[in-house]
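Below are two complexes that have chain A in common, paired first with chain B and then with chain C.
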Partner chain A sequence: MDFQLPHVDFRVMAPELFLFAWALVVITFDLGTKRRSGSATGYVALLGLVITGVILSITPEGAGFGAMFYNDAGSLFFKVIFLGAAFMAIGSSFGIMERKIQHHRGEFLGLILLSTVGMMFLASSNELLSLYIGLELTTIPLFVCAAFFKDNRLSVEAGIKYLIVGAMSSALLLYGISFLYGLSGTTDLLQMRVNIATTHLTFREIGLLPMLSVVLLVAGLGFKLALPPFHQWAPDVYEGAPTPVAAFLSVGSKAAGLVAFAKIMINGLQVFYEDIMAPNDWGLLVGILAGAAMVWGNVAAVRQTNIKRMLAFSSIAQAGYIMIGMLALNDIGLSSVSFYMFTYLFANMGAFAIVAIFEDKTGSTQIKSYSGLARTSPFYAASMSVFMLSLAGIPPLAGFFAKYYVFAAAIKMAGSNEIHQWLYWLVGVGLITSVFALYYYANVIKTMYFTPDESPYKLPLSLPGSAVVLIGLVGVILFGLMPGPVMDFASAIPAAFGLIAP
Partner chain B sequence: MHHYLYLAAILFAIGTFGVITRRNVIGILMSLELMFNAVNINLVAFNKFVATEPLAGQLFAIFIVVVAAAEATVGLAIVLLVYRNWRGIETENFSVMKW
Partner chain C sequence: MDASVGPVFWILAAVTILSGIAVVSLKNIFHCALFLILCLFSVAGIYILLHAEFLAAAQVLIYVGAVAILMIFAIMLTSGLASRTIKQVNKHALTALFACVLFVFVVIGLIFKSNVWNWARVPLPEDNVMTIGKLLMTKYMLPFEVVSVLLLAALIGAITLAREEEA
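Moving on, here comes the complex of A and B:
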C-alpha cells in the first residue's frame, strides 16, 4: 500500500513537547531528592510553565503533523489561558503540598502539568482523533488529582464520580464522533466541513443520523462543560477535590471543553447551524442548554453554604454566559468567548486561591467562616470582593466587559437574520440572571465585611499563594480598565476558525 | 452495514443502561467498556463500508482501545481507594455529598 508520512514539523509543537518533558523532570526531581525537596518541586513546576510560555511566544504558526496539529491564533490564545490556569493552580497548591500530600508532591504537580499538555494538544488539534487524545490526556490525570487525598472520603468520592461521568461523556462524544466519521468519511474537521457542505442537500431535511450525532456530541461536550442537565457531577467534584484541583477544573478543563466544542461544532459542523437549517440546527439545542445553565446555576448557587459548591454553581452559570457568545457565529462571537475565558481565569483562579489559603489555615470551606475576614486579613478580603464583583460583572472590572462583549456578539447575530431572533431571549435571560448572581456574590462580601465575626482567623501572607491572588487581582483590574489589547489579540480567533475571511 | 450499526447501537444502549442502573462500581466500569466497544464497532464498520481509503477508522478504534485501557486502570485504582475508605464498592456509599 502506498503510505506517506505527513509533513512533520516538531518546531510548532515545541511548547507541548517541552512541557511534557518537564512534567517527567518534576516527578524525577521529587524522587531524586528522596521526596524531601520541600516546596522546591513546586517552584520547579512553576519555572517549567514560565519557560513553556516563553517558548510559546516564539513558536511559529502553521501545521506541524499533517492536519493533526495546527498552531494558529486561536490555539495560541487558549494555550496562554491553560498555562495561566496551571500556573495559578500550582501556585495555590503549596499549602496542601506542605501539609497533606508531602509524600506525593512530584506526582501531583506532574499530573497537573500533563493535563496542561493535553489541553494544549487539544487546542492545536484540528482532527477528531488528535482532539480525542488531547481531551483524554486532559481528563485522565485530573481523575487522579481529584482523588488525591487518599484517606479523605470526600476526595475519593469526587474522584470516582468524576471518573464515571468523565468516561461516560467521552463515550457519548465518541459515539457521536463515530457517526460524524461515517457521514463525512473523514476525521479531519476542515475536510469534514467541505464534505458535509457538498452533501448539503441530503442534510437539509436533517436525517436521523446527523441529528443523533449532533445530540450525542452536544451531550458529551455538555458533560465536559457542566451544562444542565449534565451538570450534577460538578458541585460534588468541586467540593470533594483538593481546592487547587477544583480551580484547575473550573478554568482549565472548562476552557478545554470550550475549545473542543468550538473545534467540533464550528470547524466541523458549522453547516448545521446555517440559516437554511433552521430550526433543525444545533444552535437552538445549545441555546436551551445555555439558558438552563444560567437559570439553574444562578438559582442553585444562592442556596449554597459551602463556598466551593457556590463557586461550582457559579461556574455552571458562567458556562451558560460563555455559550451565548459561542452561539454568535460572527466576527466577534468567538473572540468574545475567548476574552470571557481570559477574564474568568483571573477572577476564578484568584477566588479559588483565597479559598485554598483559607482552607489550609482553618480547614473550613463554609461561607459563614469567612465572617470578620475584612478585619483580620484586609488584603484577602478586599481581593475576594474584587473577584466576586468581577464574576458578577460589575464595571469597571474585567468581568463586566466579558459579559458585555458576549451579549453584544449575540445581539449582533440576532439582528443579522430573523431566524436567530431567539438569541434576544437568551440575552434577556442572561441579563436577568446576572442580577440573581449579584445576590450570592455580594453575600460573600457581606459575610466578610458586615457579619460579626464568630471565629476570626488571620490568614498569613505566603509567597506563592499571595502572589497568585495578586496576579488575579492585577488581571481583573488591568483588563477591566483596558480590555483593548487582549481584545485585539482575540479578534484574530474567528478568522482562525474560518468564520470570517482572514 | 446496517447490521453492524444496529449491533453497536444495542451494545451502546446496554452500556448506558448499565452505567445508570448498576449498583457496583466495577459493574459501571464494565458497562463503560461496552460503550467504548460499541463505538469501535461503529468506526470499523464505517471504515469498511463508507470511507475505505485511509484507515482512519481502524486507527481510531485502536487508539480508543488504548485510551479505554488507561481509563480503566485509573478507574480501578480509584475503586481500590473506594474499597479502602468504605470497605465496599456499592454506589449507595457515595452520599457524603448530596446531589
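Moving on, here comes the complex of A and C:
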C-alpha cells in the first residue's frame, strides 16, 4: 500500500501554524507567571498577532495541502480582516482582563487566538470537510468566550444560546452538505461545480433535491451570518457576552461566515445561480433574506435602549448590505464585499472598543448613560460619532464607499441581464433603509453632544484600549479618503472565484 | 439493499426513533441518558447495514463507550440530579412538533421523488476500513490534525468553564 501525501508546502500554511503555536505560548505564559502577569499576557497575544501579520505579508499564494489548503487573493485578504478583528478585540479586553477574568486571562486570549486560527484555516479551504472543521474551530472557542463571566447570568445565557444555535446551524449545514456530497460524489468544491453541472443537466426535471440542499445550506450559513429569520440569537448573545467577544463575533465570526458562504455557494454552486430557469436558484432566496435583514435589522435597532443590542441589530442590517454585493456575481461583486468587510472591521471594532471602555468605567451599556459624554471625554465622543457616521454610510468616511461599491456591483449585475433585474429592487431597499438607519446612529451622537447636563463619567485615555479606538478612527477616515489601494488588493478576489466580467 | 436486510432496517429504524423520542420527553434525566445509549446503538446498527463498518465501530466506541458513559457518570456524581424530575417541553412544543413533522415529510418526499443518486452508486472498496485509515493519513491528514486543535480548544474551554474559582 502506498502512502502518497498531497503536495505539502509549509510556507503557505506558516501564518496558521505560527498562530496556533502562539496560542499555546500565551496560555503557558499566563500559567508560567502563576497568573500574576498582569496585562503582560495581553501584550504577548497582541505581539503574536502582529508577527502573524508580518508572516502573512510574505506568505505566497498557492496550494499548501492539495485542495484542503489553498491560498488565493481572497484567503489572504480575509486573513488580514481576521487578524485585525482579533487584534482589536484583544486590545479592547484589557479592562475586563484586569478586573473580571484575571484568573483566566491566558485561556481567554488563547481561545480567541485559536478561533482566529480556525477562521484563517477556513479562508484557505476549498473543500467541504476542512471548511466545516474550520467553521467549528471558529465557533467552539467563542461559545466559551461568550460565557466567560461565569457568575453573570446574562453571560452564561449568551454562551448557552450561542452553543445551541451554533450546534443547530452546524447540523443544518452538515445535512445540506451531505445532500451535496450525494449529488456530486465529491467534497472538493471546484470538482463539485463540474459534477453537479453534469448531474443537473442530465436530470433537469428533478431539480428539487439540489434546492433542498441549497435551502439547508442557506439556513445553516444564515445562522452564522445572523440573517433574518435566523437572527434572534444575535442580540441576546451580543448583550450577554463580554463586550470584546461581542465585537469579535460581529466582525470576525461574520467575516468567517461570509467566506464559508462564498466558498460553498459561489465556488461550489455557481451553476445554480447562473441557471435561472431551474427552480434551484439560490440568488433569489438569499436576496429575500438580505432584504429582510436590512429592513428588520434597521427597524429593530431604532427601538433599542442598550447600545450592545443596538449594535447587534445594526450588524444584522449590515450583513444584509454585504449580501447585496455577494449576489452580484460579476467582476466587482466579491471585491465590494471584501472592501465592505474591511471598513466594517474598523468602524464596528472601534465602536465596540468605546462601549467596552465605557462599560468598564461605568458598568452601564444603556445608550442614555452616554448623555453629555462629549464634554467630559471629547476624544471618545468624537470617535464614536465618526464610527456611527461610517456605519450609517456618510461620505467621506469608509462606510460610504463600502455601501457605494456594493450597490454599484449589484446595479452592474442587474444591468447585465434581464433575469437579474430584481437586484434593482434590493438596491432600492438598501438605499431606503440606509436613510432609516441614520436615525438610530445619529441618536447616539445626539445623546453624547446635545444634552444640557455634563456626563458624570470621564473616560480615561489608556493603552491599549485608546489605541484600538485610534486604529479604528484612522482606518475609517484613511480608507474613506483613499479607498483605492485596498480596492486594488480586493480587485483580484472575484477572479479567484472564477467570476469575470459578463 | 437485499430482501433480508429490510426487516432488520425497519426494526432498527423504529428503535432509533422511539428511543430518540424517549430521550427528549422522559422526565428523569438518568432514563434519558439510558435511552440515548439505545438510540446510538441502533444508529450503529444502521451503519452496519450500509456497510459503513468503521463508522459503526466509531459510533459505539466514542458515542456509546465514551460520551454516553461520561454523561451517566456526570449525572450520578451530581447530587440529586438522577432523582429530580425535569420538564422537557415549553409552550412552543406543539409549534416545534408541527415544524419538524412538516420538515420530515418535505425531505422524505423530495428524496423519494429523485433519482439523481448516481454518484452514490459507486461500489464500495473491498476493505473500506483500511481505505478510510489510509485516506485519513494521506489526503485528509490536514483536517484530521486540525480536529485535534479543535479538541484542544474544546478541552481548554470546558475546563475553564467548569473550574471552581479560587477566591
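Here, the second predicted complex is superposed on the first by the 482 of 502 C-alpha atoms of A that agree within 3 Å, B and C clash if a C-alpha of one lies under 4 Å from a C-alpha of the other, contacts with A are read in each partner's own complex, and residues count from 1 in each chain.
The criterion applied here is as follows: a contact is a pair of C-beta atoms (placed from the backbone, for glycine too) under 8 Å apart; a residue touches a chain by one contact, two chains touch by 3 or more.
Quantities reported herein were computed from a predicted structural model and do not represent experimental measurements.
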Touching partner for A:39 - first (chain B), second (chain C), both, neither: neither
Touching partner for A:69 - first (chain B), second (chain C), both, neither: second
Partner chain in contact with A:451 - chain B first, chain C second, else both or neither: neither
Partner chain in contact with A:182 - chain B first, chain C second, else both or neither: both
Which superposed partner A:240 touches (first chain B, second chain C, both, neither): first
First, second, both or neither for A:147, with chain B first and chain C second: both
First (chain B), second (chain C), both or neither touched by A:134: second
Which of chain B and chain C A:117 touches, first, second, both or neither: second
Overlapping contact positions on chain A, where the chain C interface meets the chain B interface: 129, 133, 136, 140, 143-144, 147, 150-151, 159, 182, 185-186
Complex interface listing, chain A residues touching chain B: 128-129, 132-133, 136, 140, 143-144, 147, 150-151, 153-154, 156-161, 163-164, 167-168, 170-172, 174-175, 177-179, 181-182, 185-187, 232, 235-236, 239-240
Complex contact set, residues of chain A against chain C: 1, 3-6, 20, 27, 65-66, 68-69, 103-104, 107-108, 110-111, 114-115, 117-118, 121, 129-130, 133-134, 136-137, 140-141, 143-144, 147-148, 150-151, 159, 182-186, 195, 199, 203, 206, 208-209, 212
Of chain B, residues touching chain A in the complex: 8, 12, 15-16, 19, 25, 28-29, 32, 35-36, 38-39, 42-43, 45-47, 50-51, 54, 56-57, 59-60, 63-64, 67, 70-71, 74-75, 77-79, 81-82, 84-86, 93-94, 96-97, 99
Of chain C, residues touching chain A in the complex: 106-107, 110-111, 113-120, 122, 130, 134, 137-143, 146-147, 149-150, 152-154, 156-161, 165-166
